[in-house]
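In what follows, chain A forms one complex with chain B and a second complex with chain C.
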Partner chain A sequence: MSLHIICCVKQVPDPETPASQFRVDEAAKKVIPAPGIAPVPSQFDTIGVEAALRIRDALGDVKITVLSLGPESFRDAIKHCLAMGADEGVLINDPALAEADHWVTAQALAAAIQKLAPYDLVITGRQAVDWDMGVVGPTLAELLGIPCITIVKDVKVQDGKVVAERVLLDGFETVEAPLPAVVTVSNELGEPRYPQLRQIMMAARKQVTVWTAADLGLDPSQLKNRVNIEALYVPQTKVETEFIEGDTVEEKVDRLLQRLREAKLI
Partner chain B sequence: MAIEVKVRSLRVRQLLAALSFFIAVALIPLVAALVVIAASQGMGEATRQVFFNIVKWARILVYAVTAVILLVLAYGPLSRLRLWLLGKKEERWDRPWERARFFLLYGVGQGRLPNDLYAGLMHLLIFWGWTFLFIGTVMLAFHDDFVEYLEGHVYLGYSLALDLAGVAATVGIIMALYRRYIWKHPKMRLGSLWDDVALLWLMLAILLTGFVIEGMRVGMTELQGATIDVHGGLATDPDWAPWSPVGFLIGKAALESGASQGFMEMLHKSLWWLHLAMATGWVAWVGYGKISHILLGSANIFFRKLSPTGAALAGTALAPIADFETAERFGAGYLRDFTWKQLMDVDVCVRCGRCEAHCPAYNTGKELTPMGFLQDIKRYLTEMGPRLLAARRKGEEVPDERPVAGDVVSFNTIWDCVTCGACEYQCPLFIEHIPKLMDMRRYLVMEQANMPETAQATLMQLEQRGHPWRGTQLTRTTWIEELAREGVQVPMFDGSQEYLYWVGCTGALQERNVKVTKAIVRLLLQAGVSFGVLGAEETCSGDPARRLGNEYLFQMQAQQNIETFKAKGVKKVIANCPHCFNTIRHEYPQLGGHFQVVHHTQLLAQLVAEGRLQPRTIEELWGFPVTYHDPCYLARHNDIVSEPRQVLQAMGLETVEMERHRKHTFCCGAGGGHMWVEESKGRRINHTRTAEAVASGARVVAVACPFCLQMFEEGAGSVPEAAKQGIQVLDVAELLERSVAYSRAATVR
Partner chain C sequence: MANDILVFGELTEEGRLAPITFELLGAARRLSQPLGGRVLCAVLGAGLDGQSREAIAQGADVVLLADDPLLQEYQGDALVQVLERLVREKAPALILLGQTMVGRELGPRLAARLGTAVTMDAIDVAVQDGRIVVTRPCYGGNAHAKYSFNTSPAVVTLRAKSQEPIERDESRQGEVERVQASIDAGAVRTRVLGRVKQKAEGVRLEDARIVVAGGRGLGGPEGFQMLEELAELLGGAVGASRAACDLGWYPVSAQVGLTGKVVTPDLYIAVGISGASQHMAGISQVKNIVAINKDPEANIFKASRWAVVADWKEVVPLLIKKVREMKEAEARR
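Our next item is the complex of A and B:
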């Protein structure tokens, strides 16, 4: 049985950008890209590709398509996933979708997924590591009208069903769902694999299919964001230092304990 | 303060070397000859009968046997050569004169053996003793069959020299037996294989039978003044006998103990045949087994890797993969992925254990042993090589061939290496360990993506962010902005300055190392050096990627830097990281980037010597013994050991040396990408080294490498003795900057 897995991948500002370099434009309510720091594929999404590759390692006959929505630069993220071992890449690139929120993103992705049909499994990261909303995966499932299993640490396909282990606060639960389904993966699944050089070289030669909203039969003017950003700012952290005085060590410790109690820290 | 800088030009050193060589090869034999002539007055007739007491046809037999033996001898190396040629092509014929010089120095001269005094002396005695005996035997054949010249002084001197050679070889063999059986030296950890044992006993037997044969001959002829069959009958003289001192003593003892003429004849005759059989057998053996290092080891020294940039070791500059598109395989996974020279290397290893005794990985309980992995490949080559040859002839595959990388040689062995070069520096046969391990890493990384998690994280980090320091909160310009706030303007390189100061990722992105970078900049400004930095345009030099097996990433990073350098008109580079220094110096030329690179300690030493920086003793450091830790990539890989010490001396600091220093230095544990790769097991290498620094009695460890600085700082906090001794770790530049600032303040006052 041949299986088709679609992995949704987003490119994000490097989460390791030094805090001093992270700036936002409060008026435009936008993040200003840090100079000289290249964006990276969102870590959870590459873990999603890893999950798909593991299914292929186990079953053999699996086609993996990487799907992304964003500007031309997102091609790098797709190439990275192709180098990891994915078969095909699709980029939805349309200036009209540049300001898409999770709702519009999910609409566009869902349209692309339907165009890529037949498909058996859609894998996304549990959340993108920039906005950390974690809603595109479940929204996709809703739009596609298929089951959704979120935040999983292991995913298998057995007897035409998907079997996944969901991460809980105090352990995990095993859940199964009929195919097709959406699964969102968590970091507990493990590190994404390192691309082999031959695959990097092959990925460099592979064509990435580019679709616009029109290609997907979408009318951008009908797609309205549902999330409104009221304000965007870097939180201010304030550090106050207080030295506890005292003549003896015991006295200092007593006063320290007293201050900590007053501050309700102990 | 007057600074004494030892200037010993190359010319002077060469002259000294030539002089001592002349003394060794010309003067000593000349004096010896004069002494012999003076002492052997009136013995002009002295000579010996060559086939004394032996049947006439023995002479023909000896020649016949020799011919057969030489054929048997030649078959050994030829059969090995066929196995080596399973490997890939590699050019090792360039610069033949330089190769000949190395061969004389390290083959004939055995230049590397004194690194281990006992074993070196032992080998020297056996080698020279045996060589003289061999030459003597050939001389005797020439005398007997062509021109009779071994007469009078010449004969007596010859006889004495050969007896002494025999004694030397015997002493050497006994030293070896003692080391193997009584001392049980740890270098013989792999145990005695049959040819180790048989070889020593056979050589001892050849020597002892030779002496007894000589003793019987002297006893039957010279000591009795008997007439021998030379020139139709020549009366011998007892005065000749002491010129064969060992034979003289044995012969005299035999006569005094009342041995009969018949017994002596019989003993002489039977031992003569035994000696002949053993000696010719030994010659045949030289084509095989351990003793074949006489031929193969010599050849290996001749074929050593020669560097176009003066790299000290084979592992200093790794060979590039020329074309990724057409490469059959990246790195070395199977036997045929190694080059012929790499396969020859594993074959010539004689398990002497010098590499292992100095390997930081092995000595801290890791899986890697340089000698061990060579022997593993050697065994597999011997086992699988002939089958591969047969299969190649038939155009078939060998289905059960095991990969070398990760199977014959274990995963941990390949990843334990810190590329410090101690093994290569020690190896008397110039075996090139590091390139083999690195080629196997390339295979594991680029073909299989099989590596320790920490290595993978580092490579991903290098690829995505262009530097290895994950999670740093600094940028490449943070330190420049900080200095600007202190009123120090760091010049940006624009092509008008003499030097580019290459800061390196660690110097810019690690808080502790930023202090060193700032110290260097202050010193350069103070001395009026014309320099600039690249700031945000710097990226990783490529060393970590290359040493972690991702040659592709290395070439991309190096190419990018070379292009930046060329675009900006960079000619000279100052590097404070020995790893960047090494890569720019020896590896960028492989990709067309030729730049003159200087390490900051070299430049600082020069500035101090020229009086452009005037250090003086810092009072608060009085009485604090300082020890200098040689970074592997300066000392062993680049021969830089004096300059950092000159800087410390100029400051008038009390310096002490650690047990392992200069080119014998012990790695801090961070080389070969191990700054970011977790050690597999055993004690941490940096803790071992920190303990050694503590044992030297030092309070300050002076370093010259950003990784060493990190490693020692960690060690100083984690090794209890270090914390107790209050070990401080400072870069040479930091010490100098304090000292110069102190000096300046004092002048103002």
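Our next item is the complex of A and C:
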């Protein structure tokens, strides 16, 4: 049985950017990219590609398409996933979608997924690590009218069904759903594999298909954002830090315990 | 009615209202004044004796109660159907859910079915000039964003511990409206095959008054044994950074942060944790943080009340020794 898996991948500013280099443009309500730090594929999304590759490792006959909505620069994220081992890349690039909120993003991705049909499994990250929203995956499931298993740490395809381990607060549950389905993946799934040089070179030659809203039969003027960002700012933390002094570690420990006792914390 | 607030009453496995529900009810009560509507609480489950009373004591004006064996265990496909119907019938202005494993799925799905707006993981909801405005952390907690909505109702999930419950009041009056679950079993496509619980021993991390947390700086799982010893002496629980959990040094159920748990102990002792914004997202409400880190520039110090610049391997054994002596002295008195 041949399977088609579509992985949704977004490109984001590197979330490991040190807090000291994190800046926002409050007027534009946008994050200012830290100089010298390149954007990266959103972490959970490459974990999604890893999940798809593991299914292919197990089953063999699996086609993996990487789908992204964003500007030309998002091609880097797609190429990274192709180098990981995905087969095809699609970029939805349309200036009219530049300010898309999560609702409009999901509309465009759903239209593209339908155009890529037949498909068996759609994999997204649990949340994109820019706005940390976690809305697009479940929204896609509703728009496509298919089942959805959220925040999973393992995903397999068996007997025409998807079987996934959904993370709970104190453990996990195993959930099964008929295909096609959407799953959103979490970091507990494990590290995404890192592309080898040869794969990077091969991926560089792979074509990335580019679609506009019109190619998807969408009229951007009919797609209305559901939310507005009114403000974006760096929150101020006001904590007086006392660096515990002492000539020896023991002195420091004594002084710390003294402070904790004074504050009636221990 | 158009100004009502609908709270999704999340339940524990035992079928009791979960603490997050009381926090949501607290937020809803405060918002019901500027919005000028009532607080509705949807309690959907099985074997719910006494839960309506409890929801009212915690702030609900109307409890929408569906008690149905089909709602025994969590099934997104079943709950989203019932919720969608209730929302269409009651037409609230605002729907509040917890940012939990349940809310993370139901919030976006419900909003998508209604074609309406949703924002996740809010830490504040306010009414400004008659409009609902939500504040939520983003970019791993490095930034905060404020959102307004173009469609009604607005669906909002609230971060655990971000809202105060009201003072529980047994004498509060409210209505209970029994609703039919009327679940279309054919539309429940997912099936739960089994559950695995990682039982934590001792104090639950979420309830602990003291949390001792370890990170990659511990260098291996052995360090966590020492933290467990310290936590036990202090009557607390052990937490971990994602780096430590990803390395398999400690169970994921102990992960604190954006994609882990939110904790609000009186005292948080961070050992070998750098203080990445995503970790801090789990302790943003903690007032007393002690950080033990050998790097004087570590970000965690910025949020710490007390900073100990040293190697944990020297600090923690001494802490254990001295806390033990202290406790023994107390016991003798």
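Simple rule for what comes next: the second predicted complex is superposed on the first by the 240 of 266 C-alpha atoms of A that agree within 3 Å, B and C clash if a C-alpha of one lies under 4 Å from a C-alpha of the other, contacts with A are read in each partner's own complex, and residues count from 1 in each chain.
What we mean here is this: contacts are C-beta pairs under 8 Å (C-beta built on N, C-alpha and C of every residue); 3 or more make two chains touch, one makes a residue touch a chain.
Owing to the predicted nature of the structure, the values given are computational and were not obtained by experimental measurement.
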**OP:** Figure out whether A:194 sits in contact with chain B (first) or chain C (second), or with both, or with neither.
**Re:** first
Original post:
For A:37, is the partner it touches chain B (first), chain C (second), both, or none of the two (neither)?
Top reply: first
Subject >> Comparison of chain B and chain C by chain A residues contacted >> reply: C
Original post:
After superposition on the shared chain, which partner residues are touched by A:204: those of chain B (first), chain C (second), both, or neither?
Top reply: neither
**OP:** Would you check which partner chain A:98 touches, where first means chain B only, second means chain C only, and both and neither mean what they say?
**Re:** neither
Original post:
Thinking of the overlay built on chain A, is A:58 touched by chain B (first), by chain C (second), by both, or by neither?
Top reply: neither
Original post:
Just chain B (first), just chain C (second), both, or neither: which does A:18 touch?
Top reply: both
Original post:
Between chain B (first) and chain C (second), which, if any, makes contact with A:141: first, second, both or neither?
Top reply: second
Original post:
Where does A:249 make contact in the superposed view: on chain B (first), on chain C (second), on both, or on neither?
Top reply: second
**OP:** Could you pull out which residues of chain A sit against chain B in one structure and against chain C in the other?
**Re:** 16, 18-20, 191
Original post:
In the complex of these two chains, what residues of chain A are touching chain C?
Top reply: 13, 15-20, 22, 24, 29, 31, 102-103, 106, 126-127, 129-135, 137-139, 141-143, 147-151, 163, 166-178, 186-188, 191, 224-235, 237, 239-244, 249-250, 252-254, 256-257, 259-260, 263, 265-266
Original post:
For chain A, which residues are in contact with chain B within the complex?
Top reply: 14, 16, 18-21, 35-38, 40, 191, 193-198, 200-201
**OP:** Report the residues of chain C in contact with chain A in the complex, numbered from low to high.
**Re:** 76-77, 100-101, 104-105, 107-109, 111-113, 116-121, 133, 137-140, 142-151, 189-200, 210, 234, 242, 246, 252-253, 258-259, 261, 266-267, 276-278, 288-290, 296, 299, 301-311, 314-315, 318-319, 322-323, 326
Subject >> Of all residues in chain B, those that touch chain A in their complex >> reply: 324-325, 330, 445-449, 451, 453, 456-457, 459-460, 464-465, 470-476, 478, 536, 550, 552
